[in-house]
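Before any comments, here is the structure.
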Amino acid sequence: MTNTSIRWGARLAVVLACAALPASGAIAADAAAPGDTVTGDTIVLGQTAAQSGPQAPIGASKWGLEAYIASVNARGGVAGKKLRLISYDDGYQPAQTTALDKKLVYEDRVFAIVGSIGSPTTAAVYKTLNDAHVPLLSMGSGSPIFYEPGLKYVFPSWPIYTTDGKTMGAFVKKHFAGQSTAVIYQDDGFGKPILQGIKSDLGKVDVEIPYVPSQVDFSSAVIKLKSSGIKVVMLATIATSGAQILNQMASLDYHPARILTASACGYGGIFSAIASLDGTYCTAFLPPPGSTDSHWTEFADGMAKYAPGHPADIYAAWGWLAGQITYAGLEKIKGPITRDAFVAQLETLRNLDTIAGKVTYTPQQHEGSCCQLLWQAKGGKWDIVPDSAFNGSAMK
Amino acid sequence: MQRHTIAISLIVLCALLPLVLQLIGERQVYWLFVVSEFFVFAIVAISLDLLMGRSGQISLGHSGFVALGAYAAAILNEQFGADLAIGMLAGGCLAGIASLILGFPATRLRGHYLGIVTLGFGIAVDQIALKWDSLTGGDQGVHLHKAVLLGLDVGTPVRMYYVALVALLVTVLLVWNLTGTRVGRAFAAIKDSEVAAAAMGVPIARTKVLAFICSAFLAGAAGAIYAFLAGFVAPEDFGIDSSLLFFAMVVIGGMGSIPGAIGGAIVVDAVKNAAATVSGLSLTILGGMIVLVVLFFPGGLKAWLRPRRAATGLVHEPDDAAIPQDA
Amino acid sequence: MTQYLLQISLAGLAQGSLFALTALGLVVIYNASSVVNFAHGAMGMAATYVAYVLITELHAPFALAFVGALLAAFVLGVVVQKALLGRLANAPLLTQIVVTLGLYMFLQGVLGMIFGYNPRPMANAITMAPVILGGLVLRPQDVVQLALLLILSAALAALFGATKLGLGMRAITENAYAARLMGIPVGNVLGTAWGIGVLLAAVAAILAAPTTSVTPNMMDTIVVYGFVAAILGGFGSMVGALVGGLVLGVVVNFIDAFLAPELAMSIVFGILLLVLYVRPDGLFGRMKVQKV
Amino acid sequence: MLEARQLTVRFGGLTAVNALDLDIPDTGVFALVGPNGAGKTTLINALSRVCSVAEGSIHLNGSDLLDLRPHEAVRAGIARSFQRAELFPTLSVTENLLVGLHGEMTTGLEGALRTRSTRAQERAARARCESLMRELDLWELRDCAPADLPYGHQKLLDVARALISRPKLLLLDEPFAGLTDAETPRLLACIAAAGQQCAVLMIEHHFKLLEGVAQRMTVMNFGRKIAEGTPAEMRADPEVIRCYLGTGRQKAAEPAPC
């Protein structure tokens, strides 16, 4: 046995050395990804969005993007070229996103990654994509890391999460001045910037309660707030946790002013999930579902026409927004459609009118949308709260 | 003899894969990544098999060890530019230390307690990685610098592929050798009969902890390679789900066999990728496969890969290395 | 402050009653068949989907849906014992654990495929307004939950203490082979034990559903705490599971309120590890003597 | 060599071994007989340090054994077999024997690296197993799984696994139980040969078997020693006859209730 394993090892080493040398010599490390210039008559776009697993609901963004692309193609496409979307399900797992984005870029040769969903998933790939000069547009996240200067190929389009917090903070300062406040926040790159935004506008909050998404029982958090006599509760939570907390509040006979973050109230079933929703505020950068805002009606019609069977909800609207921005950049390119030309044109966009309001990119600043407002739940639907718009940029 | 021929051909095939891909076209980046990732999974599967298949102890939190290894390597690399070799060593050791803390009370317990304690360990690693964001970057993870192995730049997909391949081969050899010597036999002995093993002079608790440490070390080292391969480490990648995938690899592979574990890794990886488009499909298939394997094909893939001896339940069969061939 | 502590403890007891129900089910199954059922939560979850379908699709009243789901849970338990575990009676412990884990994955996958992962709201059965007693908020559903736990515990005690079934179960726990020789229908008794165990998991899941919503992962957290409660209680002692569950509920709520809710499960496992260092058989457990 | 004094083992309220004295010299075969439940296996378990001793002392060549844990008994020179041949089903016959050498071998994790010393040690151990297997006619079966062996060979392997470590004291728990008449002589010869090298203490019911091989025997009942002497003496001892052998019409193997 001894001899065999030595023989084994020796053979192995020889084989590997022989194979590895030519192979690694032949392939030089290439920084920029292939497919820099669009040559055919199709511009292929890539997306990763969870269609399975607990985060599957927000993956519906895929259908909004599909609908927008179909509407562009119906109008004749961009510069005589059709758009095509390849969307993969990453299950909200960063490891999957890493693999699938390699597939998109190196196998499918997509021109840009557009409207991918999630903070941790996008965090896994944004640096690599930026290094490979692949544009990454309008990801479904407002995490501050994507807004850092120097990321030439990264174009976030949501208001940064800090803005979300500032919107709440400014509103509370104005309308609930002097009242005791509390924040329940998800203890990660989503909840913490919101908390930070709230504090930067409000000065301080009286109680801060972190949680993790796997937590299902929020009794003690709610009891704590109730016994401390907190009058205003801000929730930097995802949809499920937000619903659990609000339901818990109702069951404990506790009725403070409640303000939810945008990500927690976009889904269609919220009014049946939370019986006590009336009066609750929610930050938003999109018009409320079902509103008569012209952008929303255009989107809703587009969904009905090009993505039948998929509801025109907030998640789909995220995809629609990604489509709008991509189209605006592509449309302005004169000459060959290259990634650098695309990025250069995106950086000239000023006050682009989108479903999420005005979007601006400059060579120095890729913040995109800066502005938010508040909705309030009334009688089973959301109304825009007048005088709640927050227009200050959260960027330094 | 024939088995050796097959094994050598497979290795040659793996070693030549980058060239083949090169000839087909410049398509290697994605496929090399996928295969490299599979190599890393196979290492973890072998490490878990060493624990479950050989020493009869269960771990439902094995991705916790992988996570520790990955984070150790990633953080050392991000903050001090540490080499892949150092990352593997540090990752393996950190996982080993964790297994020591975990395994010590666990070995005094009945088998199922260990399952629950390791399950909790997997969850805790996740939670702590998420919480301790000054070190781990929280949910936004750690980005690594370019991979360097012993001063050699291995940052390209091809080179990283060879790193993963060699790591897998080395793991196979190490585990193969280990199971054919005193410690490996002691693992099997405590799995088969603790009382008899003790009577033969095998210290039960110490041997169980040793099996745990070996397994965790390999899983941690694999995690370090994974970190460099992906260039990014985040808590979401190491949840219960991925622990269960490793678990499925070992069970479907048949437990107690290296080719079985590798085969199990292939099957699970294939199912996971093929069934990804339908929510819940891969869980259904893998769960169903586990139940069917246990009920009707107790030898798993192992029995199928080695038809010459009848399978005798979910039990260890000695590999070639364990059978004397010196004479 | 006392009021605050009382309120937290109360919420802890309510939550702990879910852990205790889960743990009791685990212990009933373990005592009869020496198997730790890792599919416990998933089976309770599956039963909750039965209740959910009965309520939302067939518009059954809650009480009817509840009974229907429990019936389904019982049948599921019996079927799993007969079809899976019964065939593995002589297999190693590891094999039996493996098969329950396979079942866990399978059930979660199947229900995920049918219903998706979108959380589905489950209306609370008790819509009564909370009662306020000297500043202390008493939630009717908490009271019902605790009452149900006590009633079921008493029923279990009566069942195992005084009936033939309980006698058979204890005989099987001692020595299955001898029990068979003495004419106890081992298969039936084991099937019944599994049925009852899964039924208890279903009670816990359905009670939890209004808070967790109905999803394939709804029981993941609760069942892990159920495991911990069972271990703390010595895995085998019903009283241990009951007390372990309630105590754990209070502990978790105190961690939530005063330490770090985002690390609650890690802290609980740290405590468990410490307890096991000191008392390897749990707080209420007794060592089993191994025969040579 | 072995001296047990006032040895007492209790399980809860039950006293399984009660103030037992036992002296065993360096070599020879010694038998332990008694009805079921007399405490024979418990005594073996106590001597091999599997179960804890409530009172009394055990010394082997003057050194105290009571502090040893089960796995340390082998190194002290005490090896044992099991009533139902507790072999390792997933290891081959050779490997079963090799586990018997666990305490003697020293290879640790470096075995994974196949160092020179590892290989030398492995070779030496395998050579030792080979000679024993050849002696016991197990050589042809060396690569078999224990389950594939006839029961007689399994029991033989169980004894061989204990014997391979060259113990000072070999404890055998009913080595002949379940063996056919054809299988018995080989094992008997093996035990007799072992008795030349070391002390063998075995539990056995068959007086006939013992008469040929055992120098002395100890008769136990209710945890106490009731008699001690040569097999012939014991056959004539009235107390032994009353408790164990019964009147002549009963079969010797079936102890009478006592």
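As written, the chains take the letters A, B, C and D, and residue 1 is the first residue of each chain.
The rule we apply is simple: contacts are C-beta pairs under 8 Å (C-beta built on N, C-alpha and C of every residue); 3 or more make two chains touch, one makes a residue touch a chain.
Computed from a predicted model, the values in this text were never measured in an experiment.
J.: Taking every chain's C-alpha mean, which one sits closest to the mean of all protein C-alpha atoms?
T.: So the chain sitting closest to the middle is B.
J.: Could you see whether B-C or A-C has the larger number of C-beta contact pairs?
T.: Per the contact counts, B-C leads.
J.: Could you work out which chain's C-alpha centre is the most distant one from the centre of subunit D?
T.: Following the centroid criterion, the farthest chain would be A.
J.: Report the inter-chain centroid distance for subunit B and subunit C in whole angstrom, where each centroid is the mean of the CA atoms.
T.: So the centre of subunit B lies 32 Å away from the centre of subunit C.
J.: Could you give the separation in Å between the centres of subunit A and subunit D, each centre being the mean of its C-alpha atoms?
T.: One centre to the other, that is 72 Å.
J.: How far is the middle of subunit C from the middle of subunit D, if each middle is the mean of its Cα atoms, in Å?
T.: Inter-chain centre distance comes to 46 Å.
J.: Please compute the C-alpha centroid of subunit A, do the same for subunit C, then give the distance between them in whole Å.
T.: Their C-alpha centroids are separated by 38 Å.
J.: Spell out, as numbers or ranges, the residues of subunit A touching 2 or more other chains.
T.: Only 2, 5, 52-53, 56, 187, 212 qualify.
J.: What parts of subunit D, by residue number, touch at least two of the other chains?
T.: In subunit D, 50, 82, 114 touch at least two other chains.
J.: Residues of subunit B that contact two or more other chains, please.
T.: 127, 130-131, 177, 180, 195, 278-280, 315, 323-324, 326
J.: Spell out the part of subunit B that touches subunit A in their complex, as residue ranges.
T.: Spelled out, the residues of subunit B in touch with subunit A are 4, 8, 11-12, 15-16, 18-19, 22, 26-31, 33-34, 37, 127, 130-131, 133, 138-141, 143, 155-159, 162, 165-166, 169, 173, 176-177, 180, 230-232, 234-237, 276-280, 320-321, 323-326.
J.: Of all residues in subunit A, which touch subunit B in the complex?
T.: My answer: residues 1-5, 8-9, 11-12, 15-16, 18-20, 22-24, 26-29, 34, 51-53, 56, 89, 91-96, 98-99, 102-103, 105-107, 119-121, 123-125, 127-128, 143, 145, 187-190, 192, 212.
J.: Give every residue of subunit A touching subunit C within the complex, in rising order.
T.: 52-57, 187, 209-212, 214-217, 219-221, 223-224, 226-227, 240, 243-244, 247-248, 251-254, 269, 272-273
J.: Spell out the part of subunit D that touches subunit B in their complex, as residue ranges.
T.: 48, 50, 69-75, 79-80, 82, 86-92, 94-95, 98-100, 102-109, 111-114, 118, 122-123, 126, 142-143, 145, 147, 161-162, 165
J.: Which positions of subunit B touch subunit D when the two form their complex?
T.: 174-175, 177-178, 180-186, 188-189, 191-193, 195-204, 210, 214, 256, 309, 312, 315-318, 322-324, 326
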